[in-house]
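By letter and in written order, the chains are A, B, C, D, E and F; residue numbering begins at 1 in each of them.
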Amino acid sequence: MLESESVVNTLLRDYLYDLVKEGKRLDGRTFDEIRPIEVKEGTFTKSEGEAWIKLGKTQVLVGVKFDVGEPFPDTPDKGVLVTNAELLPVASPTFEPGPPNEDAIEISRVVDRAIRSADAVDLNNLVIKEGELVYMIFLDMYVLDHDGNLDDALTIASLIALGRAKYPKVIYKGDGDVEVLDEKESLVLKDLPINFTFVKIGDALLLDPVLEEEMVAEASITIAINQEGKVCSIQKRHGYFTMEEIKKAVEIGRSKWTDVASVIRREI
Amino acid sequence: MLESESVVNTLLRDYLYDLVKEGKRLDGRTFDEIRPIEVKEGTFTKSEGEAWIKLGKTQVLVGVKFDVGEPFPDTPDKGVLVTNAELLPVASPTFEPGPPNEDAIEISRVVDRAIRSADAVDLNNLVIKEGELVYMIFLDMYVLDHDGNLDDALTIASLIALGRAKYPKVIYKGDGDVEVLDEKESLVLKDLPINFTFVKIGDALLLDPVLEEEMVAEASITIAINQEGKVCSIQKRHGYFTMEEIKKAVEIGRSKWTDVASVIRREI
Amino acid sequence: MLESESVVNTLLRDYLYDLVKEGKRLDGRTFDEIRPIEVKEGTFTKSEGEAWIKLGKTQVLVGVKFDVGEPFPDTPDKGVLVTNAELLPVASPTFEPGPPNEDAIEISRVVDRAIRSADAVDLNNLVIKEGELVYMIFLDMYVLDHDGNLDDALTIASLIALGRAKYPKVIYKGDGDVEVLDEKESLVLKDLPINFTFVKIGDALLLDPVLEEEMVAEASITIAINQEGKVCSIQKRHGYFTMEEIKKAVEIGRSKWTDVASVIRREI
Amino acid sequence: MPLYVEKKPERLITEEGVRTDGRLPHEIRPIRMTVGVLERADGSALVEWGGNRILAAVFGPREVHPKHLMLPDKALVRARYNMAPFSTPERRRPGPDRRSVELSKVIREALKPAIFVENYPGAVIDIFVEVLRSDAGTRVAGVTAASLALAHAGIAMRGLVAACAAGRVGEFVVCDPNHDEDMWGEADMPMAMMMESRKITLLQIDGPMTPEQFEEALNMAKRGIEFVYELQKEALKRPYVLVERRIRGV
Amino acid sequence: MPLYVEKKPERLITEEGVRTDGRLPHEIRPIRMTVGVLERADGSALVEWGGNRILAAVFGPREVHPKHLMLPDKALVRARYNMAPFSTPERRRPGPDRRSVELSKVIREALKPAIFVENYPGAVIDIFVEVLRSDAGTRVAGVTAASLALAHAGIAMRGLVAACAAGRVGEFVVCDPNHDEDMWGEADMPMAMMMESRKITLLQIDGPMTPEQFEEALNMAKRGIEFVYELQKEALKRPYVLVERRIRGV
Amino acid sequence: MPLYVEKKPERLITEEGVRTDGRLPHEIRPIRMTVGVLERADGSALVEWGGNRILAAVFGPREVHPKHLMLPDKALVRARYNMAPFSTPERRRPGPDRRSVELSKVIREALKPAIFVENYPGAVIDIFVEVLRSDAGTRVAGVTAASLALAHAGIAMRGLVAACAAGRVGEFVVCDPNHDEDMWGEADMPMAMMMESRKITLLQIDGPMTPEQFEEALNMAKRGIEFVYELQKEALKRPYVLVERRIRGV
């Protein structure tokens, strides 16, 4: 959201609010319409699973890499998933180089929480030797072009990249050492927890906001829905909502899940 | 001390110097009088030994935690004591969040040096397996409210927290591993090295200064005295002293040791 | 080089360019003349090999220390060389305390690259137990006084310090442990890759520039030549060169190698 | 490292809905609030909630440093959530981690809508939440404490922000999850509201819930929040007097 | 850790000069350049060169932050070379290391001579080179991409900067070393030129060469640069259209 | 790691008071002072004291960066104590640790009372103490060197600050403890004075002393300081000329 008002900002705000009152949006979409999702063809990373997607003009690139290492002491029977998001300075004049800031950390935790709470990645399947050696999955999310709604774009790209990922089989040789085989195994995705981000402008809830909408909105929220229609995670961002607004947002998310899931499934 | 002069500062300085000339202090104490020490009742941390004390309006909270780990290579027969002080931003409008600054580091080292040079904590008693596994003591000092003389307040709270601390007994099972028993052991405090901080205003040495006294003082010094009346550590802070002033400060500290020690012993 | 123009800078620039047009330099040297190299007598570090040298008014101190540790996984049969340069704040009013900045990192990598690409230090000779334990060499370069051409000064000092270095013999006792003997071994220097730095002022290439020449130069380059006259490494710095200028610089370096090498050899 | 191993209880809740600490699903842990515990801060509060001990302090409105962060038309609001090294079973290394960075933001966004930021153009309001002892629910206790500290500091507000979590344990929706339920339960849902206007200013979920469970959790959290709000008002009315109550039926 | 072990090929080049990827010494890998891949950046380009994928973006001329870095009489030029965590066989920890700090400087110095910095007093031009996939030669591909992004951003330039490396493998001097040659070859020599004026703006060597080999390498790199320069011009002429060509004989 | 193991000597001092380096309790190690060893610094000095090698440099009075640190009515004084990686038996990682942060402060406070800070309003005086070789007593050697560098830089001072440590080894109070005594002795007491006014500007103690031992140590350190002060004056009178003297009876 805008931290402070300038004349231009005020004009933009008034314009968008007026549009919404007329039931319209800047790019002609309906309030609950998601921008086109395009998956770019080609190989762009050295990862074991990747996806470069465009959600409207927002572009993100996600790569999944594998390593082997020790499990966490409290989950000796599970692989390790590490999530990281970088708001690259190429993506926006307001992004600066440096370690992940508050926004980048929040976004990566929101995507991470959706995936984990739906148990989407079968971490139990990723144990090489219980308590000693497991697979580690690094989910690295790169924001390349920021035109709003990074969370949903990164979630979609992450699910595709995870669904595409293949890791080498290994044989445990004892003493923390493995023999790496040529054979590859596909990562099992058990669920598709999809994030839906809404902003509030006046009385309206706008799904999949563009940057300008994010800038002037009073409030925003991200809701993850899984294949059973359960609410897996929520992150209210700035501003406030009524209970009714939140329930409505959940319902919209549930109604849109199949559309987005079919794009993801097609690309995996 | 004040880094620079403003009109208010100059007025405060003049006022305090005039008071001292008349043999008085801001809060009516005599020059060598320590503010009341109050120990707050309750459980405020998840540590194995804690103390929340007030020295006048200065408030500090100290917690002692235990872990097991490798000893230092040059002291294979001793436990490890780690000391850390945080000048929390809640304690003063001039304290900022972030890693310990110069002042916080100095304070933690001054308390640490008093405890170590008096050999107050029996580190030899904290060996699980010589050269391999020892207890580690973390002494974390939190400053909550800064009204002067943090060093003495933190030293008192640290000694009480250490004296109260109980750690779980363990049985060494070989290979760096232990079995943790339910039985607890009390930490042995062999000495009570108590810090006494003085500031110099004009010709006077003021014990246990409040914040305003610290701000206008020409010089300050912290002296640790142990139960045998020995000088265990000294830290001259800003300004200068004559030899006679330092000897006098040592004598005052020695004369006050029993009073403070009895408070500490009562609370352990 | 100068980031921006002031009146003084413009005057200095004009003066130096005019001098060069007349075939002269600020300190009377010819274009391809190196300043006197002086090696200071005494012991100034606690290292196993050191050199404090003056190149004109530029002063640097290099110390070589040894440790034992694990080799890199991809070179189990080689010792480890770690290079580090510090532009100490004592050396120039423009140097600031803190971790190595861009310039310090570049300089240390330029010296490191010269030494490595000539294979000057026989790392194969520094294995204690292949794949497990090797010697680690720390080459720490300290810039004490900056009057231009730090690269060449640090390279010369590094080669002398390495050539003088003696490390304790050890016997491998298994399990990552060694017995340290009193006997010392000399480090073997197989080559002397010497850096030659040039700046371009007008049409002239000036070898071993002083600070003022560096400040006004259009371009600069550092070239390492080894004992066989091979080009071992090059680092073009700011500005641009023609191919002919670069070839000429290489030829000058080759012609000066013996002079500098004889100083180094004399001091080892 | 091996000194503090936690074991999952055999079961988190009985068929009758009795929880590991003896509470029924709708019951909240004991809470004690003390306003004005610090001298130097402009406002402060200590909240003891179950085994949590949360100290909140507010400084401001005051000058912004560094200057370039200043907002010309309203107050800048900053919040820091920080866990003490001695707040957890195993000693915690000081300094922010990713979780505390996120929680700092979430807490800031929970409180900012309640502050009349336009009343303090160019100033900053600094909110510090110090977790001295953690026992599940530190962020809701932190928001509750910080809201008290803001009021105690005399910051103009649209109303108090009160907070409480709900969660899912097996098929039970429970109020104010405890440590066991937080660690091994199915879902956690911290929530905060401005009670006067019934606006939700903090809502997070971690763990799946059906739409029905979600609605039940919203209501459960709301009832907890209403109770917390009453305690807050009492604590502010008689500052320096303790407010404590163990409730069995909210 | 042990998932990605690399093995040195039995030989890097045959007696006939055939390299591990089948190229002859003078041949360059396939290159594809796309200008304008990003919306928000003022200029951008994606260069796919062998297995490298390099994204470059330019912002500016724009205001300098922090202010004290501002140069009154010309533009400040900043460059950052950054490797993605997923750009290498083993996952790379994010953040700059010593190599990327040096390469950022080298790339900046390669491009700055081509920019009319005096046209933009007090402003900054920010150049970002993101290595998405690395496969030997990322810095020359990065300079090439950044030069396109500068042109695409409309920054006034003396001409394009094109880049290509040469190297030595055994006694062969080769153009555009591949991954194997970079890892196990004798010498590597990245180079960049402003082709209009034939000025060298980037030159590094790592590994010994005789004066004769060095001269051959200079010529080899120059021929590669000439080719890259032609591709650049083509890519700029028809932006959003791909330029791709596999060349066997330059 | 195992390359540099230190062994405690069988005894640190004989019954006759002979120390591990042959000195008697009141004797000081050889000292050599050189003023003006650096060209670029405004003032500099090298102090060789026993096995210590300490280089001090002073810059200033000069402009303060960043500006907000500026004091309107006097000079800001900054000091940095820094140990070289090659200054210790085992290689030291570069960068400040907690000890060097504390010593930087202690050294600054030792020197500041001697500087006429009011003569340089708004300016900064930067003092750098570089420990090239450490051998017990680096802080007193550092204060001594820095004081010379200040004088050499022409900074207006109330007088030189000279420094020396005393210590306790068994029941002996000794002057200028050596490495063994520093490591295994009972107490260490570094001290610095402005000799003209006999004011103590640095005093630290680490290790217990009876009031009698403490008084003896004060006197012992003072006699050492008096000697160091004489050497300082000599070194300043004939800069670039070495002052060296081994004293057996101070």
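Keep in mind that, in the parts below, a contact is a pair of C-beta atoms (placed from the backbone, for glycine too) under 8 Å apart; a residue touches a chain by one contact, two chains touch by 3 or more.
Being a predicted model, the structure only gives us computed values, none of them experimental.
Asks: According to the touch definition, list the chains common to the neighbour sets of subunit D and subunit E.
Replies: A
Asks: Which chain has its C-alpha centroid farthest away from the centroid of subunit F?
Replies: It is A whose centre lies farthest from that of subunit F.
Asks: Matching residue numbers in more than half of the contact pairs is the bar here; say which of B-D, A-D or B-F clears it relative to C-F.
Replies: B-D
Asks: Please report how many Å separate the Cα centroid of subunit C from that of subunit E, as a whole number.
Replies: Those two chain centres are 27 Å apart.
Asks: Whole-Å distance, subunit A centre to subunit B centre, using C-alpha means?
Replies: Their C-alpha centroids are separated by 48 Å.
Asks: Between subunit D and subunit F, tell me the centre distance in angstrom, where each centre is the average of that chain's C-alpha atoms.
Replies: Between these chains, centre-to-centre, one finds 52 Å.
Asks: Among the residues of subunit D, pick out those that touch two or more other chains and give their numbers.
Replies: 1, in rising order.
Asks: Should the ring be read from subunit B with subunit D in second place, what is the ordered list of chains?
Replies: Order of chains in the ring, subunit B then subunit D onward: B, D, A, E, C, F.
Asks: State the interface residues of subunit E toward subunit A in the complex, per the touch definition above.
Replies: Within the complex, subunit E touches subunit A at residues 1-3, 5, 38-41, 44, 48, 51, 53, 55, 57, 59, 62, 80, 82, 84-91, 94-95, 126, 128, 130, 132-135.
Asks: Can you list the residues on subunit C that touch subunit E in the complex?
Replies: Touching subunit E: residues 3-5, 73-74, 102, 105-106, 108-109, 113, 116-118, 221, 226, 228-243, 246-247, 250-251, 254 of subunit C.
Asks: Touching residues of subunit E toward subunit C in the complex: what are they?
Replies: 1, 6, 71-74, 98-99, 101-102, 104-106, 109, 112-113, 187, 189, 194, 198-211, 214-215, 218, 222
Asks: Using the touch definition up top, name the residues of subunit A that touch subunit E in the complex.
Replies: Those in contact with subunit E are residues 42-47, 50, 57, 59, 61, 63-69, 84, 86, 88-93, 97, 99-100, 138, 140, 142, 144-147, 168, 170, 177-178, 180.
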